[in-house]
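Have a look at these structures, which come just after this line.
You will see chain A twice below: alongside chain B first, and alongside chain C after that.
Let's turn to the complex of A and B:
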């Protein structure tokens, strides 16, 4: 405070020096009451100094207003600069890098490894893998995710990639409907994620076999494929990524739909940042998942399209699960499903 | 060429809210939208000050930078305008704005917030000057009539100054010298890259290259 006043005095003197002769006592001459001790109130310079020192995490100056709008009472919040840099530069880089990495990884797998083929069961026997409701939930999530990703990426790259091509009017209309549908489709996505979280959790706890499976990368790059249960370690991994990522993106997304005054600007900035970062991660993961679930591991697409898979395919990739199903320990239709692991009593 | 800026002398502002009312009336701003507001700091305590705040028409405007549909433009006078035809009401400009200037007509949750509305420095929008469409969306275009923003024109204590940045800074400097204190103009160090304080003379123009991210010039 005192340093500030000193600086101020120096600045003033620099300006006042030539004209001091006639104006130094002008105020007193006019009978104006002066209080040189008067302190600047919540000085902006002071605020910026505090912000630089990191003493004020949500650096803003708030006062009172007569209008019934709480957020209008914030006079100034320069911390938006960080979010601006993130929105304009940081998030674009994160999205671009993760997306390109995922595409490159998939392309490399396809060209150097090729799709993993399988031997069909000679008698054409098939085994039920997903019920209709499971598949519905999966495709509800998948379709809504793709739509959400496209409408969401429009907010990250649209201004750079699409707007120069289609023009302002078309891009504005497109983005407006993109925004509205993003906000609605989000709930379909949440519904799908919720179902899968609850219905598939029992098959997705990590166990000892998963460690072995992970160590050998599922035998994908040669070597014998380690045995797996209904879901192998990789599938379990994507399950948990979807659960936690889906939960995070749903919460931040819903928060961004609330009125700004509820969380405040800082809260909105954090919600937007988290939302877009989680989205970048999920998009990359889903690109890999889509490849491995279709071309990457042949025969696996049947599980989600037809609901049943070739018996030999199942024996190759999920022998422990096949064993259990065939020995009648687990029925897929109706009846209480038993957990693959004995679970402790609650 | 002038570089238009706002300057609120917090030593003079008496919190009469006339600027707020004048703005609402002149532009027939809908209910719930305040392009300008008066914020009182330390209300009721020693050292109380009031500041009239609206869009400061920043040198390198954060709103223009983060807008996902690039609806902002900056005139050669440095005035930040936006096109309501292009705006989709996402709210990002409010996240980025240091001064809380952007306003949204629909407070409803879940869907869109409606087209953003903010201070136009009484300079309308991208439409033809003072056309009915321009008035409907952005209010009166006083600048096209050779007038300054109404809020500052009718400020009874002349606390709120509008006009060429260099000119209003000179007026303010004279005041500071006469009274001997109060050298801080709220928002200047955040908004104006060329002149972080009225004590440092800034440029009298706004050049498109000042805006790193707002691609559109005048």
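Let's turn to the complex of A and C:
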């Protein structure tokens, strides 16, 4: 294919080149036969001027090709230059800035606020927070997301950070298998997002208590923590960002796996740009989520590692939910009705 | 942490299943699209008008039948 592209480029440039004799000789060396009786009809500068003035109906300079790959006939696509600049420079800046902002925010919270502690229930009672299937879906999404982020970031920073360290051959092999892994691990991520979207949606609609929680920033910077349901407003925000971001990144990712003739070159460029921008945002959000779900709010990691949490922790952070559980109003879908009185931990 | 380990296994299994099911599919998809677009490798409309805009470009020697690019050795003599 690269040979065909080279051949095509030579053919196209040959009729646009100012020096026909020189082009003809160079082309013939590569097996392209031009009619020596015919002068070229335009030079590249002329084509660029016409393009800049907007005198071409579709905004592109195209020629004719003999190969079936019609997109190869495009000699100059101005959007391609913008996309190339974005891919080589812009997306790196976006990723780097969002990543550093997230890390800086987490570091600032850790050093100036520290991890939120909680008082344990004196009787050691615990309350069920997530079923095994919920935790499975969460970790399925989390593990696949980390792998996707690592293999994806290789496309953004690999040439700058990894290639100089490991060499061209190793980087090439690594990137190839990184791409294959990225493409197919993505389906585990999609399944996880789909499950969480359906299973957790009813607990993530915003209500009046969430407005109050937002106004007081969850009491994270002082004052009493506002009451919250099973998920507080911050967690709900992360849920909706994950849902919309997850679907956005899934759709653009699948589109990029289809044949390029389906979307066209411009469509692929838009899909790739959207994919990497959404990914940059999601990575930043997930860094914050991982901190708050572990070190930032002590005791919360139990919810996803063990499935249950200390009763006092739940009363501190999600009193409205605990109230509902203890009064027996809430049942787990697909599971038995919860005991109105939490059992002591074993 | 048993659930976490299971989910790691789940990621590997889902990725492997997706690879087994879809890898051929995507390749076929791309191949089909390519084949449709190139069902006639060199049609009349692609051939340059002998006296027109691209008359300095010769028709390829391979193309429809052989499916290969012409080379200096295989190309026909330049038409005058």
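To be clear about the criterion, the second predicted complex is superposed on the first by the 258 of 346 C-alpha atoms of A that agree within 3 Å, B and C clash if a C-alpha of one lies under 4 Å from a C-alpha of the other, contacts with A are read in each partner's own complex, and residues count from 1 in each chain.
Methods note: contacts are C-beta pairs under 8 Å (C-beta built on N, C-alpha and C of every residue); 3 or more make two chains touch, one makes a residue touch a chain.
Note that this is a predicted model, so its numbers are computed, not measured.
Of the two partner chains, chain C is the only one touched by A:181; chain B is not.
Looking at the shared chain after the overlay, A:96 reaches neither chain B nor chain C.
Of the two partner chains, chain B is the only one that A:169 touches; chain C does not reach it.
Of the two partner chains, neither chain B nor chain C is touched by A:198.
Once chain A of one complex is fitted onto chain A of the other, the partner contacts of A:64 extend to both chain B and chain C. In the superposed model, A:258 makes contact with both chain B and chain C.
Judged by the touch definition given at the top, the superposed model places A:76 against chain B, while chain C stays out of reach.
Touch criterion met: A:272 reaches chain B, while chain C stays clear of it.
With both structures placed on the common chain, the touch criterion links A:143 to chain C but leaves chain B unconnected.
11, 15, 32, 34-36, 38-41, 63-67, 69, 180, 257-260 are the residues of chain A that lie in the contact sets of both chain B and chain C, per the superposition on chain A. Remark: chain A residues 3-4, 7, 11, 14-15, 20, 28-29, 31-41, 63-70, 132, 135-140, 142-144, 147, 180-181, 184-188, 191, 257-262, 305, 307 touch chain C in the complex.
Within the complex formed with chain B, the chain A residues making contact are 8, 11-12, 15-16, 19, 23, 26-27, 32, 34-36, 38-45, 48, 61-67, 69, 71-78, 80-81, 83-84, 87-88, 154-156, 158-159, 163, 168-169, 171-172, 175-176, 179-180, 183, 257-260, 265, 268-269, 272. Touching chain A in their complex are the following residues of chain C: 1, 3-4, 6-8, 10-11, 14-19, 22-23, 26, 29-30, 32-35, 37-39, 41-42, 46, 48, 53-60, 63, 69-72, 74-75, 78-80. Across the interface of their complex, chain A is touched by residues 10, 17, 20, 32, 34, 37-43, 47-51, 53, 62, 65-71, 83, 85-92, 94-100, 107, 109-112, 173, 176-184, 186-190, 197, 199, 213 of chain B.
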